[in-house]
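Single-structure report; data block below.
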Amino acid sequence: MNVFFAALHKELLLQWRTRARVLSVVVFGATALLLMSFAIGPDAGSLRQYAGGFLWLALLLSSTLTLEASLEAETEQQALEGLLLLPVAPTILFYSKALANTAQLALLGTVLVPVAIVLYGAGTARPLALFGLIVLGAGGLAAPGTLYATMTARARAKQTLLPLLLFPLVVPVLIAATKASSLLILGDPMRQLSAWLTLLVAFCGIYWTLCGLMFGVIVED
Amino acid sequence: MNVFFAALHKELLLQWRTRARVLSVVVFGATALLLMSFAIGPDAGSLRQYAGGFLWLALLLSSTLTLEASLEAETEQQALEGLLLLPVAPTILFYSKALANTAQLALLGTVLVPVAIVLYGAGTARPLALFGLIVLGAGGLAAPGTLYATMTARARAKQTLLPLLLFPLVVPVLIAATKASSLLILGDPMRQLSAWLTLLVAFCGIYWTLCGLMFGVIVED
Amino acid sequence: MGFLLVAVGVVLLLSGSWYGLFVSPQERYMGDVQRIMYVHVPTAWNALLLFTFAMGCALMSLWRGGWGWDAHHEALLEGAAVLSALLCVQGAIWARPTWGVWWDWDPRLTTTAVMFLALLGILALRSAVDDPEKRATWSAVATIIAFVDVPIVYFSVRWWNSLHQMQSSPETVSAPFIVPLRLNAFGVLALMGGLALLRARVAARRTARELGPALEPLPAGALVEAR
Amino acid sequence: MGFLLVAVGVVLLLSGSWYGLFVSPQERYMGDVQRIMYVHVPTAWNALLLFTFAMGCALMSLWRGGWGWDAHHEALLEGAAVLSALLCVQGAIWARPTWGVWWDWDPRLTTTAVMFLALLGILALRSAVDDPEKRATWSAVATIIAFVDVPIVYFSVRWWNSLHQMQSSPETVSAPFIVPLRLNAFGVLALMGGLALLRARVAARRTARELGPALEPLPAGALVEAR
């Protein structure tokens, strides 16, 4: 367990060192939110109706940038300091990486919420529930995202490859998170929220297990 | 003039060699169109209403990938074959590059239209006008896009940097092209199409001139 | 073996299509449009079946190793991608006269589209990795992960889009409709299976070339156990 | 010079704000909310003014060269970015009680948001390029290109969003409203100008360090002509 915390600490430290990069991803996400509003038009009603979906689209588009960056920092720092040479089991390495990426994506999502509130009027009466939803959704993106980013980090044309692999896979996360945030923003008269949260929890459970098992296979060769 | 055609031929040849990459960008664009529909919901009416905006958002998101790829191919091929060492004036180099990128983006947009027609029911009675619009919009994205991609090709964190520079700049292209395609898809009772096309033509005129002048400055140092 | 299966598949498909087009009666509510079901349903069955076979090859490739599994994995992925592309096209052709739109956000059709994109992603991964060892392992992992996703996508799209039509299964369909369905189902299976076997042989030969002189002089049959 | 301007700016801003908050009468239709205009309008003028100065420095940096122009370019870009961020925040504070929404898609407000993002992009480009020569040239080019875009964005947003309110100009505003506007306008200009001068000195020193020992022993004043 101590090894796990040491590995997690290392990952978070690496992310802290590349915080300038994270900041520019936040700007990218905010730009995406602004551009999407131009695709809808200035009508406040429709903007509010689709705010949940656009928040998650912006987060999804930004996620490939942070996931790539997290692996890139890894590769660069590894050359410089040999931090990766810690004798850590691949499973521990994966969970520390995935947890650090979840934290980063949840932070990104949390920062984009005020932008969405200002631009789309997407205020919610249950901000804590929205935060929990963002953490869950970030977890759903981070587990397969970390695995795929590790694979594509050294492949050709990785900027295109990571979204091609990740986007079809996380369709359930996008659907469930979009529906759940829309319910939080627009109100939930039919009590459908828990069904969507269950779907997200199930997705996270399946992929945090499966990707943890598979990570060993892809780094051991 | 012959020099220009030789340079253009070289650029198109380079793009033809990286056609596998272009294909994966098409898949990325189609994936983006599918994901955006999940953010809107299965209602056919609203999908059709926003189809124009989503088509251009997908094209804009894909454009940074093709622009990056076009410069990457350049750098790789240059090392291999020294094609860049042709004694060509920077202005000619810029216009051949920008024209080749316009062709590639227009091709990408044209391929995404059937996807949008199928997924969003975004059929139009004036397909030729839509094609002309795509070429104009592609030109608007390609001129500043080529200039910025040349700058960011050798900078750190280029995947994030190119959209940060390009997206705010092409807001007028996105707005005008979105509005014009929506008019072509949904009908144009107020005859507003020509105003938006004029805006696009003005944008293209200004930036094809300005970026051609500036390209010399950035490659000569 | 591959050529034989292709021939069997073509014969079955021809007879099934003849039966479906000329022998089966017209469906009461949907008319002749319904006849596209004789291709559509067998394509759907076989797309899923090929993806399942690909998943099996991916598992065997990880567990046992062996370039043969990898070659068949590649061939079956491509087969499944072709069939799901066909499915999307057929779905659009079916939706147009039936509902007046090209796409109806039916959970099965939408899941097929997602599956098609996921398969293209795995094939892109295979084409972007040059080292054959890594290509085999990584694409096998990607196939397993994508395969697990298919039912989750199906249920999330189904909840997302409450409107949804009944599954057609042999129980609800009368005999003259079953015959062409069965003939075409086995026809597509034999055709795609045969093509996959032929394609796998090409893939195995390419891998052998990539692995270099160490494996050069082996006969074609021995490649399968060569890893 | 820099510190003097900052002091003058603070004095002007304090007196302007005092006048605006306590001397000017309440506006007839909008009440006290209108008083945010005494900060908002001067901020808007100065954001555009600083961006224009930055554009001038970019042009001079390309045409004449000289690290001084580059240092002032950097400082003015940051000043313009800070002011446009403030403008967006003030716009949101103004829109909330007036229209009940945080954002009203007014062409000026939306253009400011786009300008803010464009400025962040140029600053990100500056921070991503290590070679000082390239950084100076490339960011100057980016500034020129972005500056030309501002009026185009303004008109396209205006057409996009037909709903649009009148510009406020001194002619339509009576005397007791003009005094705090003028005081604050010059106050913000002096404050930001002074801060930009101080910031430019820091930038010039950093560039000198980056250029290495060749320029080391020059006095601070000489850096400006050192390129």
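The letters A, B, C and D name the chains in turn, as written, and every chain counts its residues from 1.
In the analysis below, a contact is a pair of C-beta atoms (placed from the backbone, for glycine too) under 8 Å apart; a residue touches a chain by one contact, two chains touch by 3 or more.
Given the structure is predicted, the values throughout are model-derived calculations rather than measurements.
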Which chains make contact with chain A and with chain D at once? B
Report which of B-D and B-C is connected by more C-beta pairs in contact. B-D
Euclidean distance of C-alpha centroids - chain B vs chain C, Å: 34
What's the distance between the Cα centroids of chain A and chain B, rounded to whole Å? 27
Between the Cα centroids of chain C and chain D the separation in whole angstrom comes to 59
Junction residues of chain B, two or more chains touched: 24, 27, 31, 38, 41, 157, 160-161, 164, 167-168, 171, 175
What are the residues of chain D that contact at least two other chains? 114, 117, 120-121, 124, 160
Which chain pairs touch, all of them: A-B, A-C, A-D, B-C, B-D
Which residues of chain D touch chain B in their complex? 62, 114-115, 117-118, 120-122, 124-125, 128-130, 133-134, 137-138, 141-142, 144-146, 148-149, 152-153, 155-157, 159-160
Chain A-touching residues of chain B, taken from the complex the two chains share: 21, 24-25, 27-28, 31-32, 35-36, 38-41, 46, 50, 52-54, 56-57, 60-61, 65, 68-69, 157, 159-161, 163-164, 167-168, 171, 174-175, 178
Residue positions on chain D within touch of chain A in the complex are 92, 101-103, 105, 113-114, 117, 120-121, 124, 127, 160-161, 163
Chain C-facing residues of chain A, complex: 144, 147-148, 151-152, 155-158, 160-161, 164-165, 167-169, 171-172, 175-176, 179, 195-196, 199, 202-203, 206-207, 210-211, 214, 217-218, 221
In the complex formed with chain D, which residues of chain A make contact? 20, 24, 27, 30-31, 34, 37-38, 41-42, 44, 117-119, 121
